[in-house]
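Got some structures for you, see below.
What follows is a pair of complexes built around chain A, which joins chain B in one and chain C in the other.
Now for the complex of A and B:
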């Protein structure tokens, strides 16, 4: 007899579907899902209908929440989604907040900042739900989440392995490094060489173009997107989408005070950073001033 | 006192003696035997601490930059307004030019005037980062609090430090009709007016 599979319920609140769609890009999607009974999913075939989920008749071992939450007003078929989420959160063994909206409030929080938040966090602050659910909570911020961040969590759960989490319940494996880690432009960052524009292979995006990689937690340059690349590698700044403060208003400019970045790399004291910067800027390294590829016409 | 502390203290006394001689007689006219003589030590022993006169000169500029930087850091770590901090920094600089004239004189008359000595080992801001970093922090805090206008770093830095250096240079030339402290109020006000938001 086949062992019982963990029952997975994917519930959406105030969302754009971005995390749902991102997960569909997983190259091993169906292999991963084969380890679970899919009780409900917004776009994939599953064993329950939405009305059954809303009627609180579905079983649930792992609850995946997508989208931000409002105490009142996010209603499907006459039912407050928050109430449904709370019901399954009580029943489930694991709760995964998939995406920045479900985790911190994200983009949808901007619509009504006082009323909308994440499930267990309102930006960096814990909501009233945190204390109750934090023992079984796993936060996966990202706009959207990388499909492999979610599969990492699901496969760890299915194998009965514990996932080391930080104080905001984020898996340390994924979020205890910054997006800067593994960026192909690290040499340019070290020697303080700016890029000359978007999309170029050369130069660092931190000084002029708003890159938030050095102070954004995430593994975008360790676990590549589509197994291929990342924003910063292709020459677009990191938008800091995994952070509780996401989204910031100006994404393509680095806020500076007399040329000094207003935000320091994660955990780096300003005095240490400025000292290292002053020294690095004192040298001109010819290789970093040149194009990587020279084309003949 | 451990052997390391003892050696460090000796290094510092060599730097201080050299600082005075370099500032007084100039870099080229001061020799290693002159410095050894002033300290009552042998030339050979002095070379145990600094392998060449150029290296010694570079270590001195790092040392003076750290000393001045530490003073400005004390100002940065207060809760004063940017306007008041400007006054304190001007005061620190001018008082140092009076009490330890060799420190500022060394910067103006040795470091800035003998670039060939510093071209390898003290590129750009490498040897003066102790001081520059604190000025950066002062500007950063001033802009972040909304008191100072956001502008190019070097436009602000040149105005601030060029002004102070120029005044101390004039003092060294003996052309200032008043004592240097006399100018603290006016100069602080001028700098603030130029930098304020």
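Now for the complex of A and C:
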């Protein structure tokens, strides 16, 4: 007889559906889902209807939360979604906050910053729910969530593996590196060569164009997006969308103090950065001043 | 008699209050949930932050929001005297990635909304995993998109003056292979014939030659009388251009030009969604509107026979997949990577402007208006396609989807007609 599958319930609060659609782009989606009983999902067919979920009649072993939470006013069918989330959070063995909204509050927090937050965190701060649920909480921030980050965590749960987490319950294997790790522009960062504008494969986006990759946790450049690329690879700055501070303001410009980026690479002391920069900048390396590819006219 | 029904899995949910008279639907009130305040969130932000914030309006049409946002800035730049010219390459790449988003949307809608709900309506549920097909083609075509845009959902790679990417021919070949894979899916699973032959069909009399999932669906919709159901005002509007679409409005057989200045938004009682009209009239937006205004021969022929019925509406959307796949492939064939990707400097070029960006999103015309004062967004306005199709209407006429549902014999049938508009609840609650 087939072993009982963990029952997966995907509950949405204040969201854009971006995490739902990101996960639908998983190339092995239905192989992953075959390990679970899908109790509820926002777009896929599932064993329960939404009214059953809202009436607290659905079973739940793994609760996936998508979207930010409001203390009151986020109502479906007359039921406060936060109350529904709390009910299933109590029942579930694992709670996964999928995306930055569910984890920290994200974009939608901006509309009513006092009332809207993530499930267990309000930006960096723990909410009252953190203490209650932290032993079964896994935070997967990202706007949206990377489909593979979610699938790997779900499969680790199925296989009963322990998942090393950081203080904010993020899996270390996914979030203890930065978006900068694996970026195709790394040589330009090493030698402090700025890009000359948008639309070029040459140059680093950290100095002028607002790239937050060196101090943003996430494996976007290790586990690529859509199995193929990432923001920084295509010349778009990283906007720090996995961080509790997302979204910051003036995203296409680097905030500087006396010409030096105001935010340092993760864990790097300012003095160390300035020393390394001074050395790197004292050399002019021809290869980094040229175009990588020359096409004949 | 009044009955309330929660419609779920439509990019969020909507509550429909059905009124019945003499056994048929006589009126419907459509209510959406919590307003998320994206327009307010944008106030006081830097103008280009809209390129990051507005895609988060919607998980399924985020790329269209990016395009509307960048066009709003470019239109504002132009109004303040800045020359904004895109290279043919940047233009083609933007068109390509937006076409990819429309394709993923339409195919998901076909396999995850229309086919399963039609099976339920007719009581003939199959054991097939339709969503697997949706996921396969969505994964394939958004991968092609991401080669240029970095990721999907929520890319911000379109910037004033062009795009941030600088693709090589190796990238173009990779994208071409993925588009060809999507074309193969369209040919072998959706219509059962080569794309070229499919695009040669120009009259309803040849419709029976279409096979595959689309052919089977059309046949069954016809058998279920869906060519006689779902009629609305038979009035269409399109604001965006590109990808073979042209702007204009159509009433009966007359096509004329449009101007966004005549678009009016108004608050609606008991709904968080604003209604929208053009010179106080209700218009349908989306693939059917696009095909009618661009004078697509096959859709014109189908429309001539069945008007704006559910069958016409559904087919117009699946048909657009074929048109867009063809455009997408062509865009890559002619792409010259040696042209510049972005023609403007990377800094903000004007601190005071008003701009409007219009784009054809999967569900129809999307409009962004940005008012910038002293380098900050003073006011931002987003009008989404679902507002056109799902408003309640005004004193003189019912909204588009409401009118289409009136006369339905059951809630199930009316809900199916509702879903045929490809409803996006999250966009509507922006």
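A few remarks follow.
Here is the rule we use: the second predicted complex is superposed on the first by the 297 of 297 C-alpha atoms of A that agree within 3 Å, B and C clash if a C-alpha of one lies under 4 Å from a C-alpha of the other, contacts with A are read in each partner's own complex, and residues count from 1 in each chain.
By definition in this document, a contact is a pair of C-beta atoms (placed from the backbone, for glycine too) under 8 Å apart; a residue touches a chain by one contact, two chains touch by 3 or more.
Quick caveat: nothing in here was measured; it's all calculated off a predicted structure.
In the superposition on chain A, A:187 makes contact with neither chain B nor chain C. Annotation for chain A, partner touching more residues between chain B and chain C: C. In the superposition on chain A, contact of A:282 is made with chain B only, not with chain C.
Once the two complexes are overlaid on the shared chain, A:37 sits clear of chain B and of chain C alike. When both complexes are overlaid on chain A, the residue A:274 reaches chain B alone and has no touch with chain C.
Once the two complexes are laid over each other on the shared chain, residue contacts for A:258 go to chain B alone; chain C is not touched.
Look at A:45: by the touch rule set out above, it reaches chain C but stays clear of chain B. For chain B in complex with chain A, the touching residues are 123-126, 129-130, 132-133, 136-137, 139-140, 142-144, 148, 150-154, 156. Contact residues on chain A toward chain B in their complex (touch as defined above): 256-260, 262, 270-271, 274-275, 278-279, 281-283. If you check the complex, the residues on chain A that touch chain C are 12, 14-22, 24-27, 29-30, 42-45, 49-51, 70, 73-77, 107-108, 110-112, 143-144, 197-201, 208-209, 220, 225-236, 239, 241, 247, 249-253, 293, 295, 297. Those residues of chain C lying in contact with chain A across their complex are 6, 8-9, 11-13, 15, 33-34, 36-38, 40-41, 45-46, 48-49, 51-53, 56-60, 62, 90, 108, 112, 116, 129, 131-132, 134-135, 138-139, 142-143, 145-157, 159, 161-166, 168, 174, 337-338, 340-342, 345-348, 426.
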